[in-house]
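In the two complexes below, subunit A is the common chain; its partner is subunit B in one and subunit C in the other.
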Partner chain A sequence: MAGKIIEIRGVSKQFKNAQAYAVDHVSIDVSRGDFITIMGTSGSGKTTLLKMINRIHELTDGNIFFEGQNIHDLKVEAYRKKIGYVIQQIGLFPHMTVAENIAVVPKSLHWGKDRIAARASELLSLVHLEPAIYKDRYPSQLSGGQQQRVGLARALAADPEIMLMDEPFGAIDAITRQVLQDELLAIHRKTGKTVLFVTHDLHEAFRLGDKVIIMNEGRVQQYDTPYNILFHPANGYVAKLVASEDIIEKLKVLRADSISTPVQVTPDGRVPRVLANAPLSAVLGKFMETGAPQIYVEDAQGRIEGSILWNSLQSIASLRTEGAEYFV
Partner chain B sequence: MSKPGLDTLLLGTLEYIDTHQAAFLAAIQRHLLLFVIVLLISVAIGVPLGMASAKRPIFSAWALNIFSALKMIPSLALLMVFIPILGVGFLPAMIALIVHALPTILINTYTGYSQIDEAILENATAMGLTEREILWRVETPLALPLIFSGLRTSSVDIIATTTVAAYIGAGGLGEFVIVGITNMNSVIMLAGSLTVAAIALIVDFIFSLLQRRLIRYQIA
Partner chain C sequence: MTGFFTYATKHWGRMLELLLQHLEIVGIVLGISICFAIPIGYLLTHSKIASAFVIGLFSVLYAVPSLAMFAILLRFTGLGMKTAVIAISIYAQYILLRSVTAGFSSVESSVLEASRGMGLGKAEILFRIQFPLAAPVFLSGIRIATIASVGLAAIASTIHSGGIGDLLFEGINNLYPVKIVWGVILSSGLAFALNFGLGKAERYLTKRAHP
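And then the complex of A and B:
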């Protein structure tokens, strides 16, 4: 299953009547199954980069390869059907019910009626909307959070190879956003889909991404794991972005599974547990609360993925961000 | 002549209609025929033109301006303008009525297609739908409520203006109104105008029922 699904090679974008490049010679590989967040301020080129992948924007320069094929040579409609697309404005079709919205791409691919209905129910369950209650509702009858769940289900409808998400939770209240983030992570684990997720929120980028692309002024500043970006920033811009003297702040944005190691022995039932996507600050809390020397990291189904020793958490606290000399 | 009461007037009107049934039915038929033909031709021209205007900004600049201007011309003036060119009769009346009805249909169609949320269209494109699929499965259903309200407005308008078109020989219920006015006979005038009003109300009601079905998704 591994291998590169997307290869971006020297890609640039210059919009009409714009002097500067929106995206400036970007080269990135995306491996199959990765959850990658693209983080930057507005105008950093993150959304433009994302929208070049499904050819909403055409490239000015460079090439993008999908499963080894230049996307410019692919039939654009067929190619786009392999890509799920979720945006902040949601953009559900208001004249279609929830089930009809989900059915759009499958219908266009000439799936049978029964298969489409079964798929809609399956996906609504996946995004935690009871199919019997929601499938015949219109988007205007749903809350913003529910609408974006449908948006997610619709994007997944034809079992795409890759999901492109442009600040999908940007317009959703903080509490619902966190619930949706957790569910997205669970869906990613369950389906193994490749996800490219654009956000301007550093916490969200670190919380969701296995790897994070930091962009500024159209260029990739760093493409690495949250841990490495925090403790080994590639340049002054990144260092400044993640700069925080406060160790708790750093623990808040790193996930438990970023420092956990596989469990060697038979799991001990008495060892306290945290969820894999819990922040390390929660792990710290657990250590303080229980006084245990070790904590297990488990997935949503309760399977143990690894463990964190008190010593390894403590060693993070003593790490200094490299490149502190960037700050003057 | 003493002023008759309202009840006498209405009773007289009903009696007049009853005693002139054949002429009355023929007038209604003629009125409705003109209405249906004018509406169909206006839709056949106005809807595609409105769609094209929404899709091609260069096109919309002149099409919308011309038709907005046409809309300003009072209906009676418009009818008279055609007399020197086409003479009088059914055909000139029909053409004048089409010119009168077209702007509303065209402008509503244009607005219907133009007001669709960008995000919805971007999603449709990103989902890999072809332009044709987007037009028929997304854009047209979303434009339909506004197109339809244009039809409804201009339908009532056509029915009313057809009455005036009797002045240039269109026939229809307007003839009763004209005869009534020239002879200072309120009963004949009312027989014509009340029937026109009733037809307009009925047509409007039918459209409102259809409209409610069309936009059921908006009544959440």
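And then the complex of A and C:
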């Protein structure tokens, strides 16, 4: 079901004893099923914006609508149960086992015992933790990466409409982070959940987001696809932000599916393939390795989503980032 | 030495009665103080200023020597157990309030944010998250308050509240060492026993909170 799931209308937030607005007249629509990353430096208002959506922070001004209803008119606990919430510090309950952690919201919604147990196992499998091994462990017996997997499973427990994620992989080592990013993308494809994901890491924002919101000083600087942000920055701030990225860096952060086009003919079995979420740098490598003129983009199940021609990849390299006029 | 045991065989009935009286005072004090300290401590977690004020107030009261406290309260509530219970409860309140607020703040803010974010109500967060996690800290406060109350209840014998203090003060006033020694054994034995039992419970709850 398409359509807007979140509408943010002229939303501002001013904290007590603060002069400046943390979030300054932000208006944004989020379509159902989108994976949106919100990127900015610390103090840009990205986390504040996210936390106004589930009313951890109440807004100073403006309105937020969830499925067309003003969230201010909704009962806050019931509303939050429709939202999965994942934070950097994870916040697992140390006195509960993994399964009990996952069961908290379903229990609070009075699900039956069997249904809760089945859901916990299903979710642990989804986040690649063997249920038989992990369900009875305590958080202190897990690594940071495993804890965040449980955090993710817990947030998904009651099948929320939308996931709010506040730098969930910020405290996790680089290798594990990349694995978790890939798995999150796979989960997003599988479940179709709307995701709003805050990060201060430009690469993470581009790698994960179908669309990226760039924030600075409480304002949205650009809300667009990674491709457009890289090649058509909306203003000087964004242009500066992406200027440091040379062509190789750009290819590293753009996903294969960002430039692939649907395949018209019957797929040719000899054409090499890459995963949809592989970076374009990997696509370039594949071209160089195989010498093929065309590469197919496939999903995790091996279904072909589209193809990339050598020419279209090459044309990116010759694109100059617009906005050079911003640098004087 | 024979006098020591003969005294016990002759007067065990009274000794038991005094011991139970002592336990009664301590029990009532703890019951009342816990009932006050947990809700007050919970409310105080919502305001730093109120917390500093209330705990500051009780720390001033805590500094008043027990005999002086009894003397002040005598004017209002007279001699007897009631005055003793009120005075000792004031001391216990300070210890408990500190441990209750410390217990609540020992719960990590990320855990609270996660529980709020997932849509748990205040009562659910309190009973399912905060209490089990803060319980070991609460209990360590209860243990210290209990031991302090056992000691204070002995002194409260001076205002006719009964308890093991009777034995001690009779021994002192009549220069009768056997009574003093029994008084010491009973009161410290009681303190040791309660300390031991509550210590066990504390370790159990700690294990439950942080397995």
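Keep this in mind: the second predicted complex is superposed on the first by the 326 of 328 C-alpha atoms of A that agree within 3 Å, B and C clash if a C-alpha of one lies under 4 Å from a C-alpha of the other, contacts with A are read in each partner's own complex, and residues count from 1 in each chain.
What we mean here is this: a residue touches a chain if its C-beta (ideal position, glycine included) is under 8 Å from a C-beta of that chain, and two chains touch if they have at least 3 such contacts.
Note that the coordinates shown come from a computational prediction; the quantities given were computed from them, not determined experimentally.
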item: Room on subunit A for both subunit B and subunit C (clash or fit); value: clash
item: Which of subunit B and subunit C A:Q147 touches, first, second, both or neither; value: neither
item: Which superposed partner A:E77 touches (first subunit B, second subunit C, both, neither); value: both
item: Subunit C-contacting residues of subunit A that also contact subunit B; value: 54, 56, 76-83, 85, 87, 89-95, 104-105, 108, 138, 140, 164
item: Touching residues (chain side subunit A, partner subunit B) in the complex; value: 54, 56, 76-83, 85, 87, 89-97, 104-105, 108, 138, 140-141, 164
item: Subunit C contact footprint on subunit A (complex, rising order); value: 54, 56, 76-85, 87, 89-95, 104-105, 108, 138, 140, 151, 154-155, 164
item: Of subunit C, residues touching subunit A in the complex; value: 108, 110-121, 124, 128-129, 132-133, 208-211
item: Residues of subunit B defined as touching subunit A within the complex; value: 117, 119-120, 122-130, 133, 137-138, 141-142, 217-218, 220
